[in-house]
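What follows is one structure encoded as structure tokens, with my remarks underneath.
Order of writing sets the labels: A, B, C, D, E and F. Residues in every chain begin at 1.
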Amino acid sequence: MLDLPAADLDAETAAYFQKCMEKLGFIPNVLAAYAHDLAKLKAFAAMYNDLMLAPSGLSKLEREMIAVVVSSANRCYYCLAAHGAAVRQLSGDPVLGELMVMNYRAARLPARHAAMLDFAWKLTETPHAVVDADRAALTAAGFSDRDIWDIVAVTGFFNMSNRIGIGTDMRPNAEYHAQAR
Amino acid sequence: MLDLPAADLDAETAAYFQKCMEKLGFIPNVLAAYAHDLAKLKAFAAMYNDLMLAPSGLSKLEREMIAVVVSSANRCYYCLAAHGAAVRQLSGDPVLGELMVMNYRAARLPARHAAMLDFAWKLTETPHAVVDADRAALTAAGFSDRDIWDIVAVTGFFNMSNRIGIGTDMRPNAEYHAQAR
Amino acid sequence: MLDLPAADLDAETAAYFQKCMEKLGFIPNVLAAYAHDLAKLKAFAAMYNDLMLAPSGLSKLEREMIAVVVSSANRCYYCLAAHGAAVRQLSGDPVLGELMVMNYRAARLPARHAAMLDFAWKLTETPHAVVDADRAALTAAGFSDRDIWDIVAVTGFFNMSNRIGIGTDMRPNAEYHAQAR
Amino acid sequence: MLDLPAADLDAETAAYFQKCMEKLGFIPNVLAAYAHDLAKLKAFAAMYNDLMLAPSGLSKLEREMIAVVVSSANRCYYCLAAHGAAVRQLSGDPVLGELMVMNYRAARLPARHAAMLDFAWKLTETPHAVVDADRAALTAAGFSDRDIWDIVAVTGFFNMSNRIGIGTDMRPNAEYHAQAR
Amino acid sequence: MLDLPAADLDAETAAYFQKCMEKLGFIPNVLAAYAHDLAKLKAFAAMYNDLMLAPSGLSKLEREMIAVVVSSANRCYYCLAAHGAAVRQLSGDPVLGELMVMNYRAARLPARHAAMLDFAWKLTETPHAVVDADRAALTAAGFSDRDIWDIVAVTGFFNMSNRIGIGTDMRPNAEYHAQAR
Amino acid sequence: MLDLPAADLDAETAAYFQKCMEKLGFIPNVLAAYAHDLAKLKAFAAMYNDLMLAPSGLSKLEREMIAVVVSSANRCYYCLAAHGAAVRQLSGDPVLGELMVMNYRAARLPARHAAMLDFAWKLTETPHAVVDADRAALTAAGFSDRDIWDIVAVTGFFNMSNRIGIGTDMRPNAEYHAQAR
């Protein structure tokens, strides 16, 4: 694991970490890893919070499902552990979390979710081959252009964070494994 | 192309776009595309500017070389056009830009750059297979742990932005093609 | 799910299923699925029980680790659920089970296990490329020729059963998910 | 080649080998290789004989065609030699055997066989991507659910035995090469 | 770069090289590389000139588009540099040349060209999977059987020359990079 | 099969076909297929005859071994049938021909041939990844620069002709199958 010494936290970051402790009981290791450089940490957290928590035509659970399916394609241990837990928690369905980790095609998903995840998988595995017909399949499944943006953006984001997790050999907090089983 | 109506620019964004016009003569289409939602635009710009422009053990040219090689692996038209131009410009070597677009292995690179780009390629193409030995090869090529973080982070970022470019069918500004030929 | 009507159980099979109920509390769905044809069920069970339970230079846990890593490569939901649970149970280490499901390369394994799983992965993903050097790596890691046979045989077996699980859309028993968390 | 010393044959195995000598003129090397452990040999032979010789909606030739196409995908020398000979023999058409070895898509097959082999190929090469639509294509080609089970089971079996053949570097008996040319 | 000493040019070859100098201002390095053996040079030049310059239902630009797309799939620096320039020149559209190098799917091509390049890409990347339906798609796009021959032949030729370029580490003439920008 | 009407043969071509009849007893279908256009036929035959029959540091058998291994990678029925026969004939070893078709790695080849075929396979399957180290492995195995040229050229040629065989659905002459068994 790439272990860079943490910077001194400024007030904003200290408050953010404090909020993590209160809400989660721990500071996610991805934030601790980024804490070697506060500018990088803030940029990452701002993008993450906007993508995963801001209003969107996609529910928070849907965004977490994309997160796990992308991480499954890329086999990122950190993100599978952390976001697999989030799917279990948000859905109240532990089996759904396992299915997203193991193979989303084995889940008996409604057409909307199958289309969404088929797109995310293709954009992850063979981005060069994505064409208008792929976007049209999302439109046909009821997604607006803004929804498509959000599917693309979440897919893109986890293709980034999977590579940061794997590239730095990041370890998930132990707490994730037992959550919402 | 996914064409979402631009939001009203706030003062900060208007100033940023104004600075683009002054420095580049145009507003990069990726920023225009993000302008449908200022929170997303700002998060993207903050991360981009930190990664590509802030102090780092990697030169700006090295970061642009990674950007183009990742985009070559993923075959992202937008990023190859925009960052291919950046490599030509920063290096003063138009052929180097072409080599990064076409196949970096054909370039006769110093060992440092070959190691850096081999790592970026592997983390892009087969992230699941990256192991300690891959990081050790970077250390052996003279990169510090912080440099490795930056190689990982730039590689990750363009794996995101390539998918945003392709997923939304983004078009590069016409100006890039002729720059620094 | 391919749902073939069960045959009438003969005494031997009924006793086997009874033993499952006593030891596990349920009949594994793979056995129920095979029960449409007792000859097939018996052949499958005989091979499975010999491979996974008979004396071997590989511990039962090691055999289950191979089972999960092969199933991870092939993304078989049934086998990941069932054998992931077995790794958690036999090792007493729930995180090890998750690591085998998600990406065994992220586990900090002793050299013996890394060599064993690297071989199983390669024989699964690119069987055509396996050569003497791959067997030599197992020998160097301390495996005897008979151990290598067993690694090969377990890897082969799960390449079969993964395809039976996926090809018939088999569903794991609900009990596996919560076991040994 | 992994060469484990043969166990002392019990009466049942000796009789089985005797029957091979009478019917084939030789003992298939796969059986000789398994003879280091009679329990393993019997489990393998029981499964093989049930799958390839028991009554089924698939003819014996059809099962051998699947065997060769799976072995072609995995490039298993042993199985291609042995089962290529079986296709030549059962079909009385030496060119059909060559086509199954070389590329089944070049054969001008009836729709039933094309559907059967397309399914076997996909389940072999990209098992994770097999979905209901793939089974539906078999149903549309006239296969019953029990036939689909058999297609899946034969495909699975040769994905196992190919890996045992390659993993132990097994050599086909010289007799196969000239059979039924 | 594989650098074999040039043979003494015979009159025919000297005239051919002279013509190159007059028309292009330089001798393409591929011809210089082949000049170590005049029989090989003449066979290569004869095939190249027939394929790319002789009358055909495909325009010269269309043949060059195939050349670049095949070279993009194979990532051949020499051919991308040389034939990318040819597309720019013949089309008078520098951006079209870039699109063929970077990702032809991002170009908004007429259906005829999309069909032609989809076929060339598939025949390059997965030749074993090409079937009648792929040829039928060309027929549906208006190509005659003779046109299909020419698409196949140009695709085949650049799959050869890409491998000669890469295999011998051939360097493109510097002149190509700036042409027709 | 793409079936273009043959052109009227000129004297040179008629004599060439006559020679085929005398030496082989038939006209190879690839030549018949090319006979729709004599310029194309002559260019193909000239290149083929030079590559496969002219003096070289590689024996004719070695060149045919490369031909079959490349055709095995690409799964070209025509070339595997025709050149598999050539390997059987030139080597007097029918099993060697089968091994080249099925998986050359299963053959127990001298180091020279293993190095030659490993290079041909890599240049066929992942041309973009071939680097100086791959050429150095050939040098270390005793090949001169001119030999390397010939390995590259034969590999390239069959990457072309495989795609012409598959792309036009060419059928091998029936005679090949039984030759030299």
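By our rule, contacts are C-beta pairs under 8 Å (C-beta built on N, C-alpha and C of every residue); 3 or more make two chains touch, one makes a residue touch a chain.
What you see is a predicted model; the values in this text were computed from it and never measured.
Path length between chain B and chain E in the chain contact graph, taken as the least number of steps between touching chains: 1. Between B-F and D-F, more C-beta contact pairs join the chains of D-F.
One simple way to say how far apart two chains are is to compare their mean CA positions; for chain A and chain E this gives 43 Å.
Centre to centre, using the average C-alpha position, chain A and chain B are separated by 22 Å.
Between chain B and chain D, the centres computed from C-alpha atoms are 50 Å apart. Multi-chain contact residues of chain B, defined as those touching 2 or more other chains: 75-76, 103, 128, 130, 166, 169.
Inter-chain contacts occur between A-B, A-C, A-D, A-E, B-C, B-E, B-F, C-D, C-F, D-E, D-F, E-F.
Residue ranges on chain A touching chain B, taken from their complex, read 2-4, 36, 39-40, 42-44, 46-47, 50-51, 54, 74-76, 123-124, 127-128, 130, 132, 135, 145-146, 148-149, 151-153, 155-157, 159-164, 166-169. The residues of chain D lying in touch with chain E in their complex are 103, 105. On the chain B side of its complex with chain E, the touching residues are 72, 75-77, 80-81, 94-95, 98-99, 101-103, 106, 166, 169, 174, 177-178, 181. Contact residues of chain E toward chain D in the complex are 128-131.
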